[in-house]
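Quick one: this structure, given as structure tokens, is what I'll be asking you about.
To keep things simple, chains are lettered A, B, C, D, E and F as they appear, and every chain counts its residues starting from 1.
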Amino acid sequence: MSAKRLLVVGAHSADFVWRAAGVIAKHTRAGGEARVISLSYGERGESGELWKVPGQTIENVKKARHAEASEAAAAVGASFESLDLGDYPLIGGREAIDTLAEIIRDWQPHIVLTHPDKDPFNPDHPVAHEVVSQARLLTSGAVVEAGFRTAPPTEFLVFEPHQPELCGFVPSVFVDITEVFEAKKEAMAAMRAQVYLQQYYTERAEHRGNHARKVTGDKEIRQAEAFQRIVPNVVGAL
Amino acid sequence: MSAKRLLVVGAHSADFVWRAAGVIAKHTRAGGEARVISLSYGERGESGELWKVPGQTIENVKKARHAEASEAAAAVGASFESLDLGDYPLIGGREAIDTLAEIIRDWQPHIVLTHPDKDPFNPDHPVAHEVVSQARLLTSGAVVEAGFRTAPPTEFLVFEPHQPELCGFVPSVFVDITEVFEAKKEAMAAMRAQVYLQQYYTERAEHRGNHARKVTGDKEIRQAEAFQRIVPNVVGAL
Amino acid sequence: MSAKRLLVVGAHSADFVWRAAGVIAKHTRAGGEARVISLSYGERGESGELWKVPGQTIENVKKARHAEASEAAAAVGASFESLDLGDYPLIGGREAIDTLAEIIRDWQPHIVLTHPDKDPFNPDHPVAHEVVSQARLLTSGAVVEAGFRTAPPTEFLVFEPHQPELCGFVPSVFVDITEVFEAKKEAMAAMRAQVYLQQYYTERAEHRGNHARKVTGDKEIRQAEAFQRIVPNVVGAL
Amino acid sequence: MSAKRLLVVGAHSADFVWRAAGVIAKHTRAGGEARVISLSYGERGESGELWKVPGQTIENVKKARHAEASEAAAAVGASFESLDLGDYPLIGGREAIDTLAEIIRDWQPHIVLTHPDKDPFNPDHPVAHEVVSQARLLTSGAVVEAGFRTAPPTEFLVFEPHQPELCGFVPSVFVDITEVFEAKKEAMAAMRAQVYLQQYYTERAEHRGNHARKVTGDKEIRQAEAFQRIVPNVVGAL
Amino acid sequence: MSAKRLLVVGAHSADFVWRAAGVIAKHTRAGGEARVISLSYGERGESGELWKVPGQTIENVKKARHAEASEAAAAVGASFESLDLGDYPLIGGREAIDTLAEIIRDWQPHIVLTHPDKDPFNPDHPVAHEVVSQARLLTSGAVVEAGFRTAPPTEFLVFEPHQPELCGFVPSVFVDITEVFEAKKEAMAAMRAQVYLQQYYTERAEHRGNHARKVTGDKEIRQAEAFQRIVPNVVGAL
Amino acid sequence: MSAKRLLVVGAHSADFVWRAAGVIAKHTRAGGEARVISLSYGERGESGELWKVPGQTIENVKKARHAEASEAAAAVGASFESLDLGDYPLIGGREAIDTLAEIIRDWQPHIVLTHPDKDPFNPDHPVAHEVVSQARLLTSGAVVEAGFRTAPPTEFLVFEPHQPELCGFVPSVFVDITEVFEAKKEAMAAMRAQVYLQQYYTERAEHRGNHARKVTGDKEIRQAEAFQRIVPNVVGAL
């Protein structure tokens, strides 16, 4: 039997690190495959530190971001690639959707993670949601055979945005990432252009751990990540 | 290790049958324990057929409802009891909450199922939700030791109401009940006072099966039940 | 065939005037019967002008409010009565619900109108909603015969509150009251203790008329009232 | 006086059948005119059975879908046409909107029906909603004369999607289709490429009939269709 | 210290008058600067009166609208300009966003006001919201230096639409415009092509004044305007 | 002129510390008065550490909680008192409402802060909201003189719950508490029975500080508290 495949799509190259590195590590440690695709490198909107370097060029910034994100992905057992569509603004539209749809048809992920559909603080995150959502729908096979190449339907969840309440984010599932938290920290440490977020998301993971303890009474949980399901999942029993 | 315990609380004695008999059967077949508590017998509002019998008395109606519900519960491997609080209107309040809280402290369920908090077609269902919700919160142990006898926190979900959209019900999880559907049909057949609902909920289970197939692409699913989580669950991986 | 019966329930004796006098007049002019029940006289919270009279007593205030409301109801062809349950706070609860339920069983209205379930500016309006909502549910006959005296189900709508957006009010139907607007003005003029609201609700009716013109293109509409359906209605065709 | 005109716009050629064939039949039997426009034939996403035929071509699929949909429309007294814009993905945008707007200006419908604006299971339904919604707004005449050719405003409703709760669909009106249900069955039978949906939507109509009975107490209702109003309607009385 | 800058962006040249002229006047009287930008002149959809003039041309209509809006803006101390992008439909998209973003980068407003994101009665208002929202996000500086020219973040609010409840508008702040109401009336009087709205919005301001009195108990308030914050504001104390 | 009065009402004696100590300190440092009322001491549900002391009694626990809360309140310049209504469950109802209403009539606060109306993790917080909400409404004077002793209307906000998204909490205003954060830390340090929350809420204040920086671009903000307005406020200008 082939491994379970997890696809994580971010608008910028570092999004997956803060929001999903833990769940990726849990997935790959359990024998699953994980693939990170960033629609852009976040070379304009999220690379402020890199632009402080005198004589900096956009190609250098992208190269640096690619190296950092690849290192971060490796720390949690995932591959990294970028569609390099540009950021601030990220342009979605037909071509981006088709490219991603083709990737989904080829790789056939079981689970897809991306940004929520709303973010009053970021112009690119909702665009990423729309691209992923459309690509996923275009490839989902109906129960009968459809008239085009399809992939099986996937679970579909969004990861936690920076200001959850203002993005309409309501957690429906917490993933306990206690046992892989060192790997997440390593992934975060690789994002040298956004060093100020490492402490924030370490604390955030501990807060979500607190919430997960409260929900379960399980005192062993230290860190967690929160996700919201966009479509229900199907289980054999509760 | 002790079995996993599922507590299902309905306003009336038949509610669990239409809305959760399948998930109960899946639970008990997997070695879990299931306990059904109805806050009333539904002796006034949902026993129209029984009242057509000449000379009918309320005690007889309750006895008949008790027998039917016990038979239905047995068909899916659960026990049945009623708090006999009266229906139309079901009166909630402190005493009902305390009684249920004491049951929760004693039995320590892992999962609690009940009605949604809103139902513009039934006066008793929201009362049941409130009673269960309060009893559950009063017994949940905090992470530190609290100053009174507690039970571990439980998963908390609501089952499907009769007119879901108008009750604010949005499914967050489908349970595949295909392999136990004969048991659910047997449970439904036991509710002889509400025979007209058997066809309705057979078809409804098949429709939810259709939805679950659509979500997963798994053509083996024939019947399902839908539930909405009130608090997130915690998992080890997606 | 008997006339169509419209029941309007307000928390205070003047509520029906501002919010539903037009639809009452339309109803009675078309041959229907209309009955206004106020749960209290609004003798404390909405009778400020009357309390300015030296030596005023609560019984006098109620008497004055009764006379005004009866006159207003008569202006639109309805009867008026008050359950005199007291205001600020209006106490709902079992007895109030049972009294109203008994009225519904006896009178068997086809349509019930009351306040929305939320009002951050008034302590009594949500109580009135709860009383009406419970009374209505306790009396609605199920499709099979229930074990107690019932009335046929009714249409159920809420009328417009003073600050609609903050009460969660979203209009689902506008009633054109152009041809009875003089009667509504007469009803409003009868509420001498709240004279400052007459201009407000005259203008409000004209604004809703503007909205109704916008929706239909019908330039003949001058005044309208807005209502929100709580349960769907059933029609023979759109 | 000219007949009342009902315009039903679907993303794919069969959408109107499952979701609105009953209300169309009621409309035409009452002397109204009904026109069905499908933005695409659903030739890729909803024609799986047809693609099983060896040597199948897209032109043949469209031809078959056209024939089926025309037959179904005829069964309920409506005309059928397709804008043939392609499906999976249906491309909306300016040209599609202008084409539909021109049709609305010419035909001047009184009522417009289409899909809800959200569907996490279908990429084309929300696009259809957007096209219809924009075309309708571009043609609605304001109360004063506008600077371009307009049509009178229309009632605007959405029909029931396949998984209502997950599409944000909340019924605001049920149409009793009991007396035309044989015609709806005939229309469904014409959709030979989607035979598996005929049973589903027969049962669904009966469930909505159950809901409509519950709302009214009218035991004569057997089947119904559910719709949600997007803008309020205006009536002469409740 | 430089003056506080308020940017008001409307879809059509008159929008700012009905919805924000009061707050503009308060702002400029307090020494702030205000700039009104209309994305179009509303030359097609909102200039019905002008088109009644025999031989009217679109250039004349725009010229008249420009003159009126400039006069109205002057009455409340603001400048007026139009991007002249065309209306019914207003076309948003990349170019419009970039133009507005460049203006924001140059002028660096402290507060931005525009339409809500939803309006089931107008095709252009949501487009305007999207353009403003994107332009604002593209220019907001992150906490670290970003890789492109930015402006400081702004407060972001939407003004009141014509049918608030159906546009999802919920007021979060009322601005007392009593002392500048004569200026708002003067601004409204300048919009000679939409004379029928002057009475409507005069009364509306008085109704909002009534709401603001109710909220504060301050009997001096006569007129107010209502706004909804899209992102929280930050204050030094409540 | 008398000082501005801030009333903070919590279900348990420590609630004000985690959720509002900063805004209280800002208020009192600016010359305002602040009064904290806890409906109970949280002696059962939130005093786990105290119950570990051998031979502990409920009176001792309350005494300890009173001392801690008084010390915490003093640290931010407020007074503390408890209505001692009991916790887990906190019983609201008429008497509690009347007691608080009388306090409001006597003290006439300008601003009232309490818990949100929903909390799926705590049985007492929503009860506290209801008590405060009703007491506030019963005392608010209408614009005309009402028939009973009133207080002027107050601003009404809710403070941040422990799991905001699941309590329906959406921040509408951030208060910058940077300059008083040492005082908040001192207040938190006084709550020796809940030491584990001090780190959590220190970090939370820093996260809200991050959000407030993002909203304003003001890099001086280090810590903030988040609040949601229940009724709009009225301002002289934006």
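In this text, a contact is a pair of C-beta atoms (placed from the backbone, for glycine too) under 8 Å apart; a residue touches a chain by one contact, two chains touch by 3 or more.
Given the structure is predicted, the values throughout are model-derived calculations rather than measurements.
A.B. asks: Treat touching chains as neighbours and tell me the shortest step distance from chain C to chain E.
C.D. replies: Counted as steps through touching chains, the separation is 1.
A.B. asks: Which chains does chain A share as contact partners with chain D?
C.D. replies: Both chain A and chain D are touched by B, E, going by the contact rule given at the top.
A.B. asks: Copy of A-F's interface among A-D, D-E or C-E, judged by over half the contact pairs being the same?
C.D. replies: C-E
A.B. asks: Which chain's mean C-alpha position is the greatest distance from chain C's?
C.D. replies: A
A.B. asks: Which is it for copies chain D and chain E: same residues on both faces, with over half shared, or different residues?
C.D. replies: different
A.B. asks: Could you state the distance in Å from the CA-based centre of chain C to that of chain F?
C.D. replies: Here the centre of chain F sits 37 Å away from the centre of chain C.
A.B. asks: Which integer distance in Å separates the CA centroid of chain A from that of chain C?
C.D. replies: It comes to 52 Å between the two C-alpha centres.
A.B. asks: Of all residues in chain E, which are in touch with two or more distinct other chains?
C.D. replies: If we look for residues of chain E contacting two or more partner chains, we find 121, 140, 142-143, 166, 171, 210-211, 214, 231-232.
A.B. asks: Select the category (line, ring, star, complete, other) that matches the graph of chains linked by touching.
C.D. replies: Other.
A.B. asks: For this structure, give each pair of chains that are touching.
C.D. replies: By the stated definition, chains touch in these pairs: A-B, A-D, A-E, A-F, B-C, B-D, B-F, C-D, C-E, C-F, D-E, E-F.
A.B. asks: Given the complex with chain A, which residues does chain D contribute to the contact?
C.D. replies: 43-52, 58, 61, 88-89, 91, 120-123, 166, 196
A.B. asks: Mind pulling up the chain D residues that touch chain E in the complex?
C.D. replies: Within the complex, chain D contacts chain E at residues 94, 97, 133-134, 137-138, 140, 142-148, 156, 230-232.
A.B. asks: Using the touch rule from the top, collect the residues of chain F that touch chain A in their complex.
C.D. replies: 121, 162-166, 169-171, 200, 203-204, 206-207, 210-211, 214
A.B. asks: Within the complex, which stretch of chain D touches chain C?
C.D. replies: 6, 23, 26-27, 30, 32, 111, 113, 140-143, 152-153, 155, 157, 171-176, 210-219, 221, 224, 226-227, 229, 231-238
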